[in-house]
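Next come two complexes, and both contain chain A; in the first it sits with chain B, in the second with chain C.
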Partner chain A sequence: MKTRTKTKLRRAAFVIAFLLPAFAFLAVFLYYPIEETFRLSVMKSSGLGKDVFVGLRNYAKLLQDDDFKAGLWHVLTWAFWSIVIQIPLAFTIAFSLTFYKNKLTGPLRAIYYLANVLPSAITAMIGMLVFSPGYGIINRLAEAFHLTWVTEIDFFGNPSIAFWTVFAVATWAYTGFPIIYLMARMEQIPTEIRDAAELEGVSGWKYARFIVLPMVAYPIRILAVLCTVGSLKLFDLPYLLTKGGPGNATTTLGIILYQQGFINWQYGIAAAIGVVIFVLSLGFTVLQFSASAGKDSYEG
Partner chain B sequence: MKADRTSFRAPRFFRHGVSEMLVTAVLIGLALLIVLPMVLPWLFVFKTQLEYAYGPWSLPKHLIVDNFVEAWESIQIGQGLINTFIVCLGAIVCTIPPAAMAGYVFARFKNRYTEIIFYAVMAGYFVPVQMVLVPLYKMSSKLHLIDTLPGLFLPMAAFGIPFWVLIYRSFFRSLPADLVDAARIDGAGEVRTFLSVMLPLAAPATILALILVFIGAWSDYLLSLVLLNDQSKFTIQLRVSQFLNAYGTDRMPRYAAALLISSAPTILLYCVGYRWIIRGTLAGALKE
Partner chain C sequence: MRRSLQLLLAVLCLAPIGARADGKVKLTVWGRDLLDGAPDHAYVTALVKNFKAKNPDIELEYVSLGDPGLSDKTKIAMANDTAPDLVQSWGGSVMGGYADAGRLLDVTADLASVPTSAAARLAMSWKGKTYGVAPFFAIAGIFANEGIFKKFDLKVPTTIDELEKVADTLKAKGIQPFACGAKDKWPPLAMYMYLVNRFGGDAFSQAQGRKARFDSDPFVQAAQKYQDWVKKGYFGPKPLGEGYGDAQQQMATGKAAMHITGSWMCGQYSNPKFTDQTLGFYAFPELKGGKGKATDLAGMTDIGFVVTKKAEAKKEAAVRFLKYALSSEAAAVEPGRISSVPGVKAPSRMTGQAADVFGKAQTVQFWWDQDLPPAVTSPLNDTIQTFFLANTTVKASLTKFEALVEENMGAVK
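For the complex of A and B:
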């Protein structure tokens, strides 16, 4: 009896001791800051003097702020276009690679994913290299072919183009992940299915559309969620490439948060934006999963 | 691998057909689109600005290194590299052991209490860094962690731990429970069992963690931007963005040199370990 309680106690001590380091990290750098974010979001706080409770006034201010509205609009359109452009592109590439499996499949997959691994500062440098006015690669190429109308495009300075330039750089950088992810899912499709389709004489198009696509419907939904949440958090590339400008043409919620928090020192407002980002990503995740509830019957 | 290929072949019409060639050509074109922007700078980097302006596409006539020297100095890449390495090392040391320990406990002692704690840990996985930026900054200034490298890698570790707890938990679960019992019979205590039996068996997970935590810490931009203001503490990514702001592409050959230098470590690491990197990324993504 006695030894039993002893082992039980010892085991409990072991469990606690082994969970403690991880839990300590999370408590200090995650749980406490989360609580603080919610608290600060209802405070007028600038780091100087005492915080003053202002209720929901920070949120009300955000709703009237043009920069915030622009940032919100940009991340939502960004999410929309990345779902509409990047995911179908990735599906097509992933399908082609798995469908025609040959010696090039492995190397090509590795190359497509390479851009994903680059730090965003490097990706931004590459984006500048390609699109910068004057000496950028596109500009030089256009000049070599005497396409003056192309040389006149200001990819980063023109407010109606800048968004798409940043989006193009991001597509270049981030499509690798959905490609390798969908490939992994497609490779899990049992070969019998493929053999049966082949026996029936199903064409490649039909095989892609009516057999493979439904089978990766669930992974695609996960990708859509990741795209949306990623867009809501968007900061690095637009900030590095355009600082959110010209004006607020490429600003995002992340950039507004950074500017309010660390340039204007409006902690309360920045915290409110943080809450908005959190609530929206949570909301969209739940929404996109429940929209077509129930996991797909086929799942890897 | 071979069996795989034969069983995953295209329908008769497509096999080795025209369409396979066409599709492969398009796929190669897309791959060039990825690689070319990283390779083309080699064409510019050995030129003077004047040579670049008049003949960007011609082959370099001489191998001048001035651009490399200038870029190296303006990015101060030496200092940046040292700082970044310290941050990577710190992130690895602070992420992996706590995550492995917690993952082990969650895998082996599953009960009501550990499950609740597990979900509390996983909740951290869904919190965007942006959300906690302001309190993190405030807290770091209070603790005098601003402008210190631990001030950067400690929160980094906290953000990484939930994901690696998940990976370690599922890895330890996949190991047979008999191993633990065998170690017990041999008289090993819990800690000994973990350290000398289970942890070595989890080496694949640990290698993945080493590579991906390193890459994560190496690539970070937002946290470094907020938590480091002192230039002597700048990581390589901050130096790169500083270069981007200060010089831009006005002198393309120097810019190309800066790009080649600063992207080289990542590209080299990727060439050596891309299998592991892709496998690790997928291992995480396929978990959900």
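For the complex of A and C:
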């Protein structure tokens, strides 16, 4: 009896010894910052001097702030259209590259993924090179072909268009990852399934819709979660391309957080925005997974 | 044994504070510019190199952080009290925030006898104490393309009416009157500061001192004028789509004829490798019947350094660095900026013109986004950017800004 207890204790110690370093790392670099963010979100803090407890006043301020509301609307819109545009686009490209292989597949795969590995600053520069009013490729081409109506489009300066310009640049940059991710999953589909489908006369669109799509449903769900969380945290491309302007036409929660924390020295409000992003990310993730729990037709 | 151990511990604890084993004192400086010798960075490059050569007893470590890297990292370091010995600073309320938090070292007495301009000393002081030096000063004015003005027989305007006539003529000739770069949010500030001054004199000081509102008449009139000019196309068809770099290119290529911006551009606009146009620097015009004068300037330090409390134990070395930074020998290397150091000759005709304008200044208003508390600075630039939107009601934008100011600085008394 004693020996069994001793063995159990030894095993527990062994397990703890292995878990402890990882837990310590997470505690220092993840859990503690999260706790600090929550604490700071109920404080008035400039980062210098003493913090003052203000309860939920920072959150109340956010609810009255037009910029915050605009930023929230933009990231939710961004998340929706990312899922609606980027994932189907990625699925179509991944399907084509996987099931219609030829000499171009390898280079095309690299080309599609290339945009994803570029630093955001380079992606933004490319975006400006395409859409800039002065030296932009679109503007230059429109001038060359005397397309006056195109030259008149102010891609970054028109509040109604700027958001979609930034979104277009992001779609180009961010679709590479879903393509590679879905391709990796599609390549795992046994060839027997495709052979059987072909014998039954199922090919092309029907094969993609009724056989491949259900089989990559789980990765698509993960991509949807990543798209949503990525959209909620969005900062780099809108900031580099437009700084959230004109006005607040392209602002995001990330940009407002940066401005409040680093420029306006309002750490409490910045932390409150951080908490909103955290809660929304967690909420959407749980929602997206629970809404489709147990519906995976193929887990491979 | 125990005594020896205590002694050893004491020595180990004191080691980082005092001189190092090789007798050198280490100074760490955080700056914005790279030490690559580029015209814009010539001063800092030479400063670091020459200071090291002249002070073998000091080990100088200069860390280049870029923009906004310098301000972001400094903010975090000041909050955590992990700032280096010296930090590049533009003075004003940002420096004041660090001073209020007790992060900066008072060097008023150490620098009292060092000659510099009154405006530069004021910018690097907060609540009567001096925390650093500013070897260069930047003022805003009109960079005018003299070649284009000559071609169309135009005179550099001295009144707002003349300015509008010049702009109308230029526009009719197919030249964009003003380069701006409104996409970057901060560039339109200089012109708005001048317009408010020309309409209302010390309106900003009144509003800052909470004796007037930021949506009072001078602010609204200036904003309205700004928006009218936008609607007239003075800033081109797509001002919000163009950043500050685009504005510089428009001036460099002669696409635009005027640029209201800081004199830090003197070096670049004088550089034949950057532009083949002949540009000059002039004061912003007066408004007939207005309260402000052409000698009321907007500007601030261009490059400056402050000492932090971290350097308390090596104050002598830090002050030596500040004094050298403010010496005529160090400042003479600069190819473009207006020097705050007496006796330093202007490096170019354009800097000379800017120095002349600066020399006649009766008042110098610091950049609003450096003079107001940080809590309202980015909303200020956001507000000014909205003047470029045709459907913006400028009064409503300013009233919204005033509400934020009230929250952070109190209501008008």
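The rule is simple: the second predicted complex is superposed on the first by the 264 of 300 C-alpha atoms of A that agree within 3 Å, B and C clash if a C-alpha of one lies under 4 Å from a C-alpha of the other, contacts with A are read in each partner's own complex, and residues count from 1 in each chain.
What we mean here is this: contacts are C-beta pairs under 8 Å (C-beta built on N, C-alpha and C of every residue); 3 or more make two chains touch, one makes a residue touch a chain.
None of the values given here were measured: they were computed from a predicted structure.
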Joint occupancy of chain A by chain B and chain C, clash or fit: clash
Contacts of A:L48 with chain B and chain C, given as first, second, both or neither: second
Which of chain B and chain C A:T242 touches, first, second, both or neither: second
First (chain B), second (chain C), both or neither touched by A:I137: first
First (chain B), second (chain C), both or neither touched by A:K69: neither
First (chain B), second (chain C), both or neither touched by A:R221: neither
Per-residue contact with chain A, leading partner among chain C and chain B: B
Which of chain B and chain C A:I122 touches, first, second, both or neither: first
Partner chain in contact with A:I263 - chain B first, chain C second, else both or neither: second
Chain B versus chain C as contact partner of A:R57, first or second or both or neither: neither
Which superposed partner A:R194 touches (first chain B, second chain C, both, neither): first
Residues of chain A that lie at the interface with chain B and also at the interface with chain C: 47, 132, 134-135, 262
Chain A - residues contacting chain C, complex: 46-49, 66-67, 132-135, 152, 154-159, 242-243, 245-248, 259, 262-266
In the complex with chain A, residue positions of chain C that touch it: 68, 71-72, 75-76, 78-79, 97-98, 100-101, 103, 182-185, 237-242, 246, 249-250, 374-379, 382, 385-386, 388-389, 392, 400
In the complex with chain A, residue positions of chain B that touch it: 4-5, 7-14, 19-20, 23-24, 26-28, 30-31, 33-35, 37-38, 40-41, 52-53, 56-57, 94, 97-99, 101-102, 104-105, 109, 114, 117, 120-121, 124, 126-139, 154-155, 157-159, 161-162, 165, 190-191, 194, 215, 218-222, 225-226, 237-238, 240-241, 244, 248-250, 252, 255-256, 258-259, 262-263, 266-267, 270, 274, 277-278, 281-282, 285-286, 288
Touching residues on chain A, where the partner in the complex is chain B: 10-11, 14-15, 18-19, 21-23, 25-26, 28-34, 36-37, 40, 47, 93, 96-102, 104, 108-115, 117-122, 124-126, 128-130, 132, 134-137, 140, 144, 172, 176-177, 180-181, 184, 187, 191, 194-195, 197-198, 201-204, 207, 222, 229, 232-233, 235-236, 240, 253-254, 257-258, 261-262, 267, 270-271, 273-275, 277-278, 281-282, 285, 300
